[in-house]
Structures are given as structure tokens and as C-alpha cells.
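Consider the two complexes below, in which chain A is the common component and chain B and chain C are the respective partners.
Presenting the complex of A and B:
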């Protein structure tokens, strides 16, 4: 029953659908990167390195929703290990799959940049799930990365390597620190608090 | 519980509530917004009071360790329990048993027993999404009793049940109440009259009346409150009497 219980828990969190969506995201990233001819001109990979982690983070964020928040609240088992496992597992899978789309050129927009953006976007999304609920958790990361994508072209200051982390080359330490910080804070927040309840809670 | 105060969405849902509940079936009655669901949620340990002390099954629920022990011994059917459509009846009840940390060896038998008690044995392998509203409600009761709880909390358990199912459910309530503390929130006075050993009437977050269904019915007969059922007349009479005493405050 214990292993069966873990399987039921994975199904209760929609894991099969999430895995399928992450595989689809990877396929889309590989297809998009090939069309951009990014191997000859690595800078042209930026849209893929920015967009694919966002899509993966959105898939992960939506999967953090629980359909039975009230019943979850009466569980004897502590939730934080399960939340952490779900978030870390799906993030690790994304970080392993998405770099396949941008192999080579690790110094600019290759696998390191893809992994960093996956961690950063997932961290922001996990924090948003705690504050806004899982359903809208993708929105802040989407807004932030879009704003940075559109607005960071002319920014070259030292601070820009931190706040514009999604658009930095893969070797930039400041961008890595920002993304890792976002993942650590977002992951810890989600593990401890869980996604914000969204279901109806009667007031009768 | 003593001096219980609960806030919900910026308003006071329960205020200065003192209650002691023993073995038996306790009916919670009251108008919409009276605080019935808030009280059940506090008893289920999913909501925390802003003031007051709650002791369940002999343990103060303020402590984290006590919370786990209490949760293992309680069953809870929320108003909206949010099932997993892709699960079968058996899988859903087994999943809740797992969350309750029931011993793995005894879980399959406990699941079969709970499913049979609510009359869903013939649908045990049916997907939850194929069940009718009444069946989903019975599934909710099955998950609440899978651990054979010492404290069973049911929020509107008969909503969506047809008359025959309600009669059967009352029988189950009486059976459970013989050895368990059962708290049932409901709007249906017939359920209270038929199955409850005690009634607590809430109004605007306060206890307006406590007594047996028989005493509530007698109150209705003597006070002449409106209603089609003796308990219904008692309900309106008790509410009016409470509001008359609260008004000057």
C-alpha cells in the first residue's frame, strides 16, 4: 500500500499530464531552436532560452494545485517532503530535458543558460503559487521574463546581470545567483506553505 | 472548546463559543453564515481559531505533535471535498487512508468496509467522474470513515441524497454515533430529529440553543414558532428567543 499510496499521490497531482506537457515543451524547444539556426549564431537562441523555461515553469506551477485542499489539511503525513519532491523532481526533469534544444556554446546561450532560467522561472512560479494560487502561478514569471526580454537590450550595468538574469549568457555569476536565489526562496516557500487555497470554503 | 473565536474573510465567524461534545450524534443547525462550517473546520484542524482553546480527543490542538495524533483519529467530510475525477471509488478511499497513515496491511479491508457501509460496493471500481451527485456525497462519507474515526465531522452530508439514501444515511449515523462523536452540520431538521442525540443551534457566530431534538421540538410546541415540523418550530422559536436576548447588547 505504501508504494501504491505514493503512486496515488502522484496521480492526484496530475503527474502523468505534467510529464506529457514537459515532453511536449521539450519537443517544441528542439523544433524552435532548429528553425532559428542557432548553432551558427548562438545569440539567436535567446527566444528559446527565455521561452522554453517559462513554459516548463507554467506546467510545473499549474501542477502544484490540489483538488482537495480541505482534505489535504487533515492529512497525518507532513506535506513538505511531498511538495518538495514534486517541485524538485519536475524541475530536475525540465533542467535535464530542455538543454537538449540548445546543445553547444555553453559560454553564451547554451545548456547552462537554459538550466539557470529553468531554475529561476520555476522558483518565481513556486513563490507565485503560494501567493496567488497555482492556477495563476505562471503569470508573474511570464510578466517578468517578457519585460526583461523587451527591456534589457540596452542595459549593461553590473546590476543588469542580476535583474536581467533570464537574458544573460550562461557564464554570468550574477545571473546564476539571482536564479538560484529565486529557486531556493520559491521552493522553500512552497514546501512550507503549499499553494494558496483556491477552492470554495463555505462560510455557513 | 472554550472561548472560541474564529475570523473568516475579515468577519467574526464564531465568537465566545464554549462547547463540550461527547459520544453521540450532534446536529449543528443555524441559518447561512451562522458559523457552522467555521466550527466544523476548526474541529477538523484545517482552520485555526484566533482566540480560545480547542481540545479534541483529550489533546490540545495547539501542539504540532498532538495535531498529528488527533488527525489520525478524525474523519472529515467538507462541504466541497474536491475529489480526483480519474480515481476509482476504491482508489480515492485508499488514498485518503494513506494520507491518514493507516497501516498498509489493514488498508484494503478498511477501504472495502467503508465503501460497503455507504452502499457503494457495487461501484467500487467505477471512476469518480461517472458517479451521480448523491454517490459522490456517499464517497465523501466513505473516505471520512475509512479510519474508523473517534471524531467524525460531516458538513452537509445529506445534500444531494435522495429520500431513500437519506433514510439509510441516518441509520448509518445512528450506528456510528453509538461509539463515536459525530458532528453533523445540516439545514435539514428531519435529519436532526431522526438521527441526532443533541442539537446545537448557532446564530451569528454564537451558540443560540443547546439541547436534545425532543427538547427543541417541545420548545416549538410551547412557543408556537412557525414551521411544518415540531423541530422546525423549535428552531425558529429558539432563534427568535436568542435574537431577542442579543438585541439589547
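Presenting the complex of A and C:
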């Protein structure tokens, strides 16, 4: 594929819109963190650390669709490098941009927690794109993270560090393992299978 | 056979078909699963307390309403996604009927998902409950509010059929409800369907209805303004919502009052001091009396004790000591059981010995030594040896204080029964009067 071909591929996947949406998400996160006076008390950043990666993951998940599934199936080249590049590139960009909202306090709710949650949410969303389709891929991560957000207050030990990974301080190894596991599984699943075909009648 | 099947197909209304197939059941299941994760994760906090269960279910509206709006929004974009808008336009039904056929099943399923989760939570609390009674007052309203969010989200989904509309709407819902819920002033926060409630609060009888009219009226106005042939009819639900909203905002703090049950307690007066537990956990009285039996046994025959350990809303009176708090659930008291009876007894001894507000400058070494000896006699601290070891490695002053404390403990333990009762009676009298000179020598 020529560089022109890469560009066309990126455009067919709605990359410019996704980049704009990710920039908007970062702006929202920076604004929200400033409104919450997170530099005074890092615990006040928890809503931003939980919700901004969720929004970024929704943007990435929705962009994983293919507008021409049947045509894609006839390609001679393997698809997984392109899928993986797209997912990893957008995730890396989010993981680089979102921590700007929560600089400082890396041991609690700072950049490491933001990067971990971005990886974890994107992994769950990518897996959901394979199972449910790209359009509805945001749903499982939204449900899970919001439930854990309300339900896990004060749970910082034992198994809670794994299942409540979006709400753990940035240095918690169990939470990192869970988020990295979700990203590895979700990313591999998407790279191998691609998003579930939608078509005009697909996706509910 | 074939004819019968065909008749069934014809008589089945589109509403039933929509309710049984497609996205609607999945939306209900999603709400149920989300609430399931939330309730399972926080089970220690609410299971076993009716009031705690009710508060947890109500506070969960913070996530069900945005999720419901997103589900409605997704369903609202369906005709655009499937390119069936023109086909729908050929149906001999008014736009409102077409809208409701697509939107109502999702709303009902989401409301049912919430109601089922609430029912399961109440069932989960039942075996562990120790007093009080189920409080389902807010559940129908919260289910209605979730259903209303689906209808409003559906209208948004039809108006803005972009791929990111649904997640953005959910995010806006979280942020909007969360910010309003976190506000500590302003009458507007009483209009928030996710207004955070304490477990000791109960609403006035009409609050759930007014909230249902407020949320339902807004959603109804959105639906009619979008889909009705006569759009002015949207003013009717809007007027109802405004009236209910004005009532809620005007009443403000008066909407919630403290549960009268939290001011009552049940007591076991067969021991001294008597053991009292808040009426909300009346059934826990035997196990708490049992946990304190070691302490009350050692205090048998001692005079000048507080009358009781109390557990009412508000602090203890002069002649009372405070029972260590059972609430918030999930720490010392989980699913109707004390997690650590020994620790509970030690805390109860602490409130017994340190009751009243004796100013620190009146507490000299004499009180310090006597307090330590009494606490050690009634309910020794497991970590006592550790602190003693620390002191024994400290400077001369700390070593001397430790030696004094050890001697006092040994003397109290070595006393005869009657002598110790007399000593303890004098000690508690001095403690109540905050009079160091009244503490008998050890």
C-alpha cells in the first residue's frame, strides 16, 4: 500500500473525526479537572480519571467499524497489522493526551491511573466491538466502569484491586494487571477478528 | 396449524413484537447487570439494613438514568441505521404512535430491569435484617424516572442520529447528575432524581409522586414536542412537570426528615450497664449483649456505673456511655453480625472509661494509670504488649510510666473480689465527677 493508500484507509475509518473527538475529550478532561480543583486534593480527580478514559474508549470503539466489510474480506493482505495499528495508535494518543489533565500525584490519581484506565477501557471496548459491533461497543465499558465507580468506594484490598481496577490508585499492581490484561485480550481479539459486521440491519 | 399461527401473527400488536425482540430486552438486561455489579460490589454496605438497601438503590439512579437515556438514544437511531424511515412513513399510523411503538418497550424493559434489581436487593437483605422493615417507597419512582430517561433519550436519538450521540448523552448524564448531586446548596438540587439520600432519611409521602411527575412530565413534553401532530400538547406535561418541580424546589429541606426509628432503641436491662441498640438493628441485641458479657460480668456489683450504653441519634446523656457505632455498615457490622466481638467490647470499654467531657488538663498521671488498669482488666488490648515493648525501649520517663502502669494493673488484678468492686465503684464515681483526687490509690 502506498502512503496515499494509507491515507485513504485512514480516511475510510473516519480517522479525522476520531482525532477531533479525542482532542475534544482531552479538552473536556482538562476543563473538568480544573473545575474540580484536583491539584488541591487528588481524590477529587476520581470522576475525571474514571470518565475521561471511558469517553476516549467510546470514541476509539466507534471508529473501529469498517464501512465495507464484504469488500475487506476479499483483500489479499492480512488485516491484523492495520487493525492493530489503528487501535494501538489511537490508544497511544489517548494515553499521551489524557494524563495532561491530571499532572502530579502519580501515586494516587495522577497520570499512571489515567493511562491504566485508558488501556483498560479501550481493551474492554475493543472486545465489545468484536462481540457486539463497533456502534454499540461503548456499552459494556460504560456499564462496568459506572457500576464500579459507585460500588467500590473504600475497596482497596484483596480481590478488589483487580475487579475494581478503574478506581484504584495509580501504583496498584493488581489493577494494572487487570487493565493490561483487558487491553491485551481486547486488542488481540479485535486484531484477529475485526469488528462484528453491521450492515444496514446489523447492530440492533 | 398453519392458519392458527398466522392468526397469532396478525393479532400480535407491534408493541408486543418490539418488546419481545430486538434491543429492548437487552437494554433491560444491561440495566440489571450494571446494577448487579454495583450492588454486588457494595454488598457489605447495604445487605442486612433495610434503610441502607433503600438508600443504595436510590443512589444507583445516578448511573441508571444516564444508561437509560443512552439506551433510548441508541434505539432512537435505529430507523436511521436500518434505513427504514421511509418505510415507517408509509404506515397508516400517526407519528406519535410510531414513536411510542419503538420507544415504549425499551422504557418498560429498563424500568423492569431496575425493579427486578431492586427486588433482588430487598430479597438479599431479608435473611440478614434485624429490625425495621422493607422500604420500597422510592423504587417505583426511580424505575419510572429510568423509563422516562429512555423516552427522552429516544427523542434525542431521532434528532441527532450520530454514532457518538448515545455515549455522549450517557457521559453528559453522569456529569450533569453528578455535579447536581455533589452540590450542597441551591434549590435546584432537589429536582435531581439522583439526589443523594442518607439511610436515616425518609421522604414525605408525596415526594416520590412529585418526582415521578417532574421527570415523567419533562420526558412526556420532549416526546410530544418531537412526535405529536399537535405540538402544543407538549405544554400540558410541561405544565405538570413545572408544577411538580416548583413544589419540590420550594419545599427543599422539608422533603426529607429523619426516620423516627433512629431515635428509638431497645435495651437489655438484665445487665449493668444496660445494653441498648438502635431500634433499626433491634435483632442484634442478643449478640451485642453477648459480646459485652465479659465486660458486664466483670462489672457485676460495681456501683456508680453509667446507666446504659446508648445507641440513639444524638450523643449520650450525662449518665450514659455511647455504644460503639454499628453504622456505617460494612466495617464493624456486616450482614447482621459483628465482625470482631473482641474489638467491639474494647471500644465499648473505651467509651465507658472515657465518657463525659473531662478536660485534658484535669486528667493527670493518676487518671492515666487508673484508666489503663481498668481497660486492661475489663478488655485487654491484643496489641498492648507491642506498645509496652515500645515504651520499654524508650527514654527514662516512658520506662518509668510503663513500670507504674504495670504495677497498677498487677495490683488491680491481685485485689480480692469485694475490694476490687469497691475500688472500681470509687473509680467510676471519680470519673463521672472528673475529680482526680477521688481516684483511689493503686
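The definition used in the following text is that the second predicted complex is superposed on the first by the 195 of 204 C-alpha atoms of A that agree within 3 Å, B and C clash if a C-alpha of one lies under 4 Å from a C-alpha of the other, contacts with A are read in each partner's own complex, and residues count from 1 in each chain.
By our rule, a contact is a pair of C-beta atoms (placed from the backbone, for glycine too) under 8 Å apart; a residue touches a chain by one contact, two chains touch by 3 or more.
Since the model is a prediction, treat every value here as computed from it, not as a measurement.
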Report task. Examine A:164 and indicate which partner it touches, taking first as chain B and second as chain C; both and neither are also allowed. Result -> second
For A:148, using the defined touch cut-off, is the partner it touches chain B, chain C, both, or neither? Pick first, second, both or neither.
second
Request  = Considering only the touch criterion stated at the top, classify A:76 as touching first (chain B), second (chain C), both, or neither.
outcome  = first
**Message:** Going by the contact rule set out at the top, does A:47 touch chain B (first), chain C (second), both, or neither?
**Reply:** second
Overlap of chain B and chain C contacts on chain A, residues 200-201, 203-204
The chain C residues in contact with chain A across the complex are 22-23, 26, 30, 33-42, 59-60, 62-63, 66-67, 70, 74-75, 78, 81-83, 163-164, 166-168, 170-171, 174-175, 178, 330
As the complex stands, chain A meets chain C at residues 21, 32, 47, 51, 54-55, 58-59, 62, 135-136, 138-139, 142-144, 146-155, 163-164, 200-201, 203-204
As the complex stands, chain A meets chain B at residues 1-2, 4-5, 8-9, 11-12, 66-77, 199-204
As the complex stands, chain B meets chain A at residues 8-9, 13, 30, 32-38, 41, 44-46, 68, 71-72, 74, 76, 78-84, 86-87, 91, 94-101, 104-105, 107-108, 143, 155-156, 185
